[in-house]
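Note that the chains take the letters A, B and C in the order they are written out, and that residue 1 is the start of every chain.
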Amino acid sequence: MVAIVDYGVGNLMAIQNIIKKVGGNSVIASDPAIIQQAERIILPGVGSFGYCMERLTKQDLIPVLQEEVFGNKKKILGLCVGAQMMTEESEEGGSRGLGWVQAKTIKFDEAKVPILPHMEWTDVRFKNYTSLGRGFEEGGRFYFVHSYHFEFYQARQVLATAHFGYDFACVFQRENIFGVQFHPEKSHRFGMRLFENFLSL
Amino acid sequence: MRRVRVIPVIMIDSGRAVVTRRFSKPVYVGDPINSIKIFNDKEVDELVILDITDKKKQKEPDFKLIEKMASESFMPLAYGGHVTRITEAERLINCGIEKISFNTSLFAHPDVVRELSYRNGKQSVIASLDVKKNWWGQYEVKTRNGKQGVGKNLEAIVKQVLDLGVGEIFLNSIDRDGALAGYDEILVGIVARQSNVPVIACGGACTICDFVNAIKIAKASAVAAGAMFFFKGGFNAVLVNYPDQRTLTTELYTNLG
Amino acid sequence: MLVEEETTTPTTLGTYRICTKTVMDTTVPGITFNEKGECNFCGYYNHLASRTVLRDPQLLQNEFDKAIDTIKKAGKNKSFDCILGISGGLDSTYLSLLAKRNGLRPLLVHFDNGWNSEKAIRNIENIVSHLGFELHTFVMDWEEFRDIQRAYFKASVVDVEVPTDQFIFAALHRLAYRNKIRYILAGNNVVSESINPEGWVYKNKLDLVNLKSIHKRYGRLKLKKLPRLGLYERYFYEAIRGIQTVNLLDLIPYRKGKVKQEIQDELGWKDYGGKHYESTFTRFYQGYYLPEKFNIDKRRAHWSNLILSGQATREEALADLAGPTYPLKDQLADRDYTIKKLGFDLSEWQTIMTAPAVTHESFDTDKNPKHQFFYLLFRAALFLPVRLLRSLSILPKPETIGSTW
């Protein structure tokens, strides 16, 4: 059972639909008790980093998430701003993040990119084909919509990159903590494969 | 190589999928749920659902239908039509819609637009501008399905909607709607030049060449089409179609320079 | 004697039997077995084949050529000489290739009943672009069609495909009439479609009375936009306007494997799984609904047909029948999609799936004496005038071409 964290942000139904499509079971959870019962967790997020952090804090879900992720080592997948929140901080509004991974969220270098936000389907290159990258030897394209991206201190935590003006990290893993910059729930069979991979880890 | 978005539009009138010509003469093209399922199976980049049902017949979005359509789609979905309250917008997002497109509400309920942009982020808000040339050849922005004019100063109106915090502009040429004779590239160019958010060109597309021109020449960020993706052949037979990735790569992406 | 009993009764209580030649078994109503354990469908197929595909090849070729010439002649100076219904499926796709090779100029007609699969649509697109034929789509009014489909499910009758079949033919006839075309090419073929047990289908597919009767009991909307092909309409189109359905596939060596390869190579045709699975609804109906509710597996009939026409082995058939009709995950997804599209809720659907089967004949049919009486009266009244008009060449003279069975 996967708990999709409901803190008032994101297209939760879409995530639930795609998990169902790949044969998984999920529940949209705003109640900490339900999150505790789940085997895996998905942390969605859209819009602004600061607003998402504010809502997550207000919903008082950070303590249960910390416990499940670090105490019980449950696998968690952050999507888009959900993944960004796992970093230490964001240039967007100077907000502090959860600090679960040693990375920052920074704005795209406007001098190098054609336009912002980066709102299109883009090829993602995985560094290896295990874990979330399983089955992506031929590559995969995913739907991105963001103006900020991860910047990791340790390259080994970066599982995949994409190119928009320059290469940037778009998939990371630190032990049981995973994050993707794109929206796999809106990326057809590529997103389905990614969720399948997450569900079978 | 950038994959610019190529976006089909499904127009709905009283729960029936239609294609219009100059915003009138709706041609019935079938069940919208099966249409979206086929587009989804064709792995389209994104899709826009526009409900053009007369306000007298339907006062709010058809949530049941939209939820069914959204559950068949694994690509980003935008929805426009009859959204006049923030609760309706949020309910749509909970149904599985990513972006809400506002047309009449940009002017009648701008507070709803601002509120959604604040709560859900700019990326969830689209300003849909329907534009028609008047007798003197001036571009005039229309609302209420093209029936009511809101002004002839296109640049001022573009600025006005950008100030509401929208993330994209969906620009529809009423004159070219359903004509299958190419986009109004001048119109697209005017708006794209002024806009600091992506502009999606719509109205008139017939071939991939039109997409190339809209992006390369008129500087649109993405392209949308209705009739082109619903009709095939000299008799305009109804047949949902969409170019495959190979065609898009060779004829569109690599031609954008 | 026990042996005689076994050959004359379909099944003894609890005894399962399967044909020794084909794979028809005691799930088929009315099945009987001879002393060799061969079922009655073997004899039926042989009889039919001897009248059609097993005749002298030269004779078949002559009939084929005659059909082509007749169609061409009738279509001279017109934009199209025939109409061809295409579904994206194997038979109609091959028929379009055959039409091209023989210089026919068909108007391709696709019937959209709201259940097209993406693969079928793509196949149709490929046919149009490769062969350069014109396409017309007849888009069913989905709300009315859904209402009829809902009625058929609620009625618990076996043949829920009747509405599609009827309306396709009605649309083809209507278009033929409007475009002044006399010939409708059809992909019916003995080698894969002749085995259709009574009780597994409603054989009187064009029975408009039955459809209206079922809809009257369980439907809600008034039917205004649907094309009709009842007794009277058929008489008008066929006897008066001379519109005829032409089956060509029985006049040529029709080997499915070879045909599939040809359309894949020449038209980029993509396979979609089982027979008629180009329609999402048909896949669901044959692959889930019939087996689950009626214990009918139509694959038995399809495979048996192919075994009898020498195009498949019994071993292949048995191997396939040992597995599900198609992956269970997809069956359940189709079921959910069907429920969603038809607007049923789960409890309504449960009721439908568990309701006992009802025969089509328990509703009104066009074979009912009162309908037959008026129809025959109508025919009788027109008999002489029609003959006269035919003799004056004002109405076309009927000329049967193609294969008939």
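Convention: contacts are C-beta pairs under 8 Å (C-beta built on N, C-alpha and C of every residue); 3 or more make two chains touch, one makes a residue touch a chain.
Predicted model, so just to flag it, every value in this text is computed and none were measured.
Under the stated contact rule, the graph of chain-to-chain touches is a line, running from one end chain to the other without closing. Of all chains, the one whose CA centroid is most distant from that of chain C is A.
Separating the centre of chain A from that of chain B, both taken as means of CA atoms, is a distance of 28 Å.
If you average the Cα atoms of chain A and of chain C, the two centres end up 50 Å apart. Chain centres here are Cα averages; for chain B and chain C they lie 40 Å apart. Residue positions 71 of chain B each touch two or more of the other chains. Residue positions of chain A touching 2 or more other chains, listed in rising order: 21. Chain C has no residue in contact with two or more other chains.
Of all the residues in chain C, the ones that touch chain B in their complex are 110, 112, 114-119, 121, 124-125, 128, 134-137, 139-143, 146, 280, 337, 340-341.
Across the complex, chain A meets chain B through its residues 9, 11-14, 17-18, 21, 46-48, 51, 114-115, 117, 119-122, 141, 143, 145, 183, 185-189, 191-192.
Touching chain C in their complex are the following residues of chain B: 15-16, 28-31, 33-34, 37-38, 41-42, 68, 71-72, 232-235, 237-241.
Of all residues in chain B, only 2-5, 40, 43, 45-46, 67, 70-71, 74-76, 93-98, 118-124, 167-168, 198, 221-222 touch chain A in the complex they form.
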